[in-house]
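In what comes next, chain A is part of two complexes: it sits with chain B in the first one and with chain C in the second one.
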Partner chain A sequence: MNHNSPTQQILEQLSRTENLREYLVLVYGRISQEMIISAISLTENKLKLENFHQAAITRTKIISAELLQNMLKHQIFNEKCLPYFILGFTDKSLRIITGNLLLKTTCDTLTHRIDKYKRIGKDQLRSYYIETFRNTELSPEGNAGLGILDIVFRAGQQVNYRITPFNDEICAMELNIMIHNKVTARQPQQS
Partner chain B sequence: MEDLIIDQTQQTPRIEFRADGNLSVRGVSLPSDVHEFYGPVIKWVDGLVAENPKQITLSLQFEYFNTSSSITLHGLLKKLVACSKQGTQLKIIWQHDAEDSDMEDEGHLFQSRLNYPFEFVATS
Partner chain C sequence: MNKTVIEAGHNTPEVIFDPENKKISISGICTPENPRMYFKQIFMLMDEYLKENKNLSFNIHLNYYNSGSTKCLLHLFMKIAVDPVIKAGSEVNWIIDEGDLELKESGQLFEEITNLKFNYVPAKD
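Let's turn to the complex of A and B:
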């Protein structure tokens, strides 16, 4: 994540490091619920225009909604490091890249969970996902702490992160999520 | 008992719960406050369940939803399944776009969490 960078700098950096061929959606700045709804609507329209498979569109919308709502809930606003959400594609896959400031303690929790979920085998992760969602209750604030599990599961474990210290208590976290198109769409499993 | 009808918005689904036991939830579920939106819905279901209806048919059709909605809906479905164990005939229908294997799979995930069979309907 690039501190104090305008949108163009972020895009140029990502073009170099991620081989993004084209950007479909870019959200930059303070996140709001209304902006999330607009971003997802825009995402759907863009992917339809690009003839993406319906399953990939649904998966992208659900992951995007989860990412953006988590950014909204945990956002620490600082003009020097504004949150961003970028949807683009490489030659082989859709890519979602988000960056935002978080408390270091939150960062540690998230990275620990991502590492843990990526180590689990795909079938085991499905069982773990079902079991965890079965036994989880919402907090009075409406949170369940399962957003990152949901994202890693839906993305087929194709989730990477990069952490950059911002100050003693806060760090910048960039998530990089790959979503395959039609060929590797998640197939329904009979339960 | 009166019907509960809530119109669809850009972030919440259409709720059409009829007192005769025909219930449907359709659309997007991404409320900013999940308790505020689903609180009255769950309260209404509690009232229906208390009446020990002969049958309940719940039809679900989503464009997308967030984890908070998913957990809340699971809680609602658990109430209906518990009711079915007291003699109510319960049918849960999961409708999805025929080309949307991900949304079909969401139904299977819900079904696995509940341990209750769903009827899957692919729409075109």
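Let's turn to the complex of A and C:
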């Protein structure tokens, strides 16, 4: 994530590292619940216009909702580094890229979880997801702690991140998530 | 019990609880900031209904949802699944748009955990 970056700088930086054919949605600035609903509605309309498969559209909406609500929940506002949400696509897949400031402690928790879920074998991830889903309790605030697992599961572990220190307590985190257009069902393991 | 209708909000679904016809319908976007608080009323309605009834049909047609809401939906289904008699008389109609394998698989995950009878019903245009 680029500090003090207006949208053009973010896109220029992405164009150097990502092979995105086209950008569909770009959200930049403070996140609100109303903005999340609008962004996902726009995402859905754009993907329909581009003839993406219905399953890929639903997967993208669910992942986007989870990402944006997490960004809202952990939001640290600083005009030098505003949050962003970008949806683009290559010839074969959709790409969601988000950037936002986080407390280092939150960042450590998230990266630890992502690394842990990515290490689980593809064949075991579904049963791990089910077991975690079954056994997790909701907190009084309504958090299940399932958000990152849900994202990693739905994206088939195609989740990468980049961390940049911002100051002693805060870092900038960029998430890069790939969603294949041709979504295939993750069938239960044969016993 | 009277019929209860909870109107859809900008990020919450429409809920119609119809005790006379033994049905509960949940449809739309389901991403409340605090799913536990949002579902509290539905849990209470279910608890009251299940004191005197042994069967219920769910019609679930979601657009998209957050992970906290899926946990609340699971909790709702488990109220049915834990009682063998109620479970035998109940079903979930999981409504999906054509080709939506993602939403279908979400239903299958619930089905696998609860062992409730799930019907995958195509959405009407």
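Everything below uses one rule, namely that the second predicted complex is superposed on the first by the 182 of 191 C-alpha atoms of A that agree within 3 Å, B and C clash if a C-alpha of one lies under 4 Å from a C-alpha of the other, contacts with A are read in each partner's own complex, and residues count from 1 in each chain.
One rule holds for everything that comes next: a contact is a pair of C-beta atoms (placed from the backbone, for glycine too) under 8 Å apart; a residue touches a chain by one contact, two chains touch by 3 or more.
Quick caveat: nothing in here was measured; it's all calculated off a predicted structure.
In the superposed model, A:Gln157 makes contact with neither chain B nor chain C.
Contact with neither chain B nor chain C is seen for A:Thr109 once the two complexes are overlaid on the shared chain. When the two structures are aligned on the shared chain, A:Leu138 is found in touch with chain B and with chain C. Legend: residue contacts after superposition of the two complexes on their common chain; A:Gln54 is shown touching both chain B and chain C. When the two complexes are overlaid on their common chain A, residue A:Glu66 makes contact with chain B and with chain C alike. In the superposition on chain A, no contact is made by A:Ser93 with either chain B or chain C.
Residues 33, 36-37, 40, 53-56, 58-59, 61-62, 65-66, 69, 129-130, 133-134, 136, 138, 140, 142-144, 146-147, 150, 154, 185-186, 188 of chain A are contacted both by chain B in one complex and by chain C in the other. The part of chain B that touches chain A in the complex is made up of residues 10-11, 30, 32-35, 63-68, 70-72, 74-75, 97, 99-105, 107-109, 111-113.
Here chain A touches chain C in the complex through residues 33-34, 36-37, 40, 53-56, 58-59, 61-62, 65-66, 69, 129-130, 133-134, 136, 138-144, 146-147, 149-150, 154, 183-186, 188, going by the rule given at the top.
On the side of chain A, the complex with chain B involves touching residues 33, 36-37, 40-41, 53-56, 58-59, 61-62, 65-66, 69, 129-130, 133-134, 136-138, 140, 142-144, 146-147, 150, 154, 185-191. Only residues 10-11, 29, 31-38, 63-68, 70-72, 74-75, 97-105, 108-109, 112-113 of chain C touch chain A when the two sit together in their complex.
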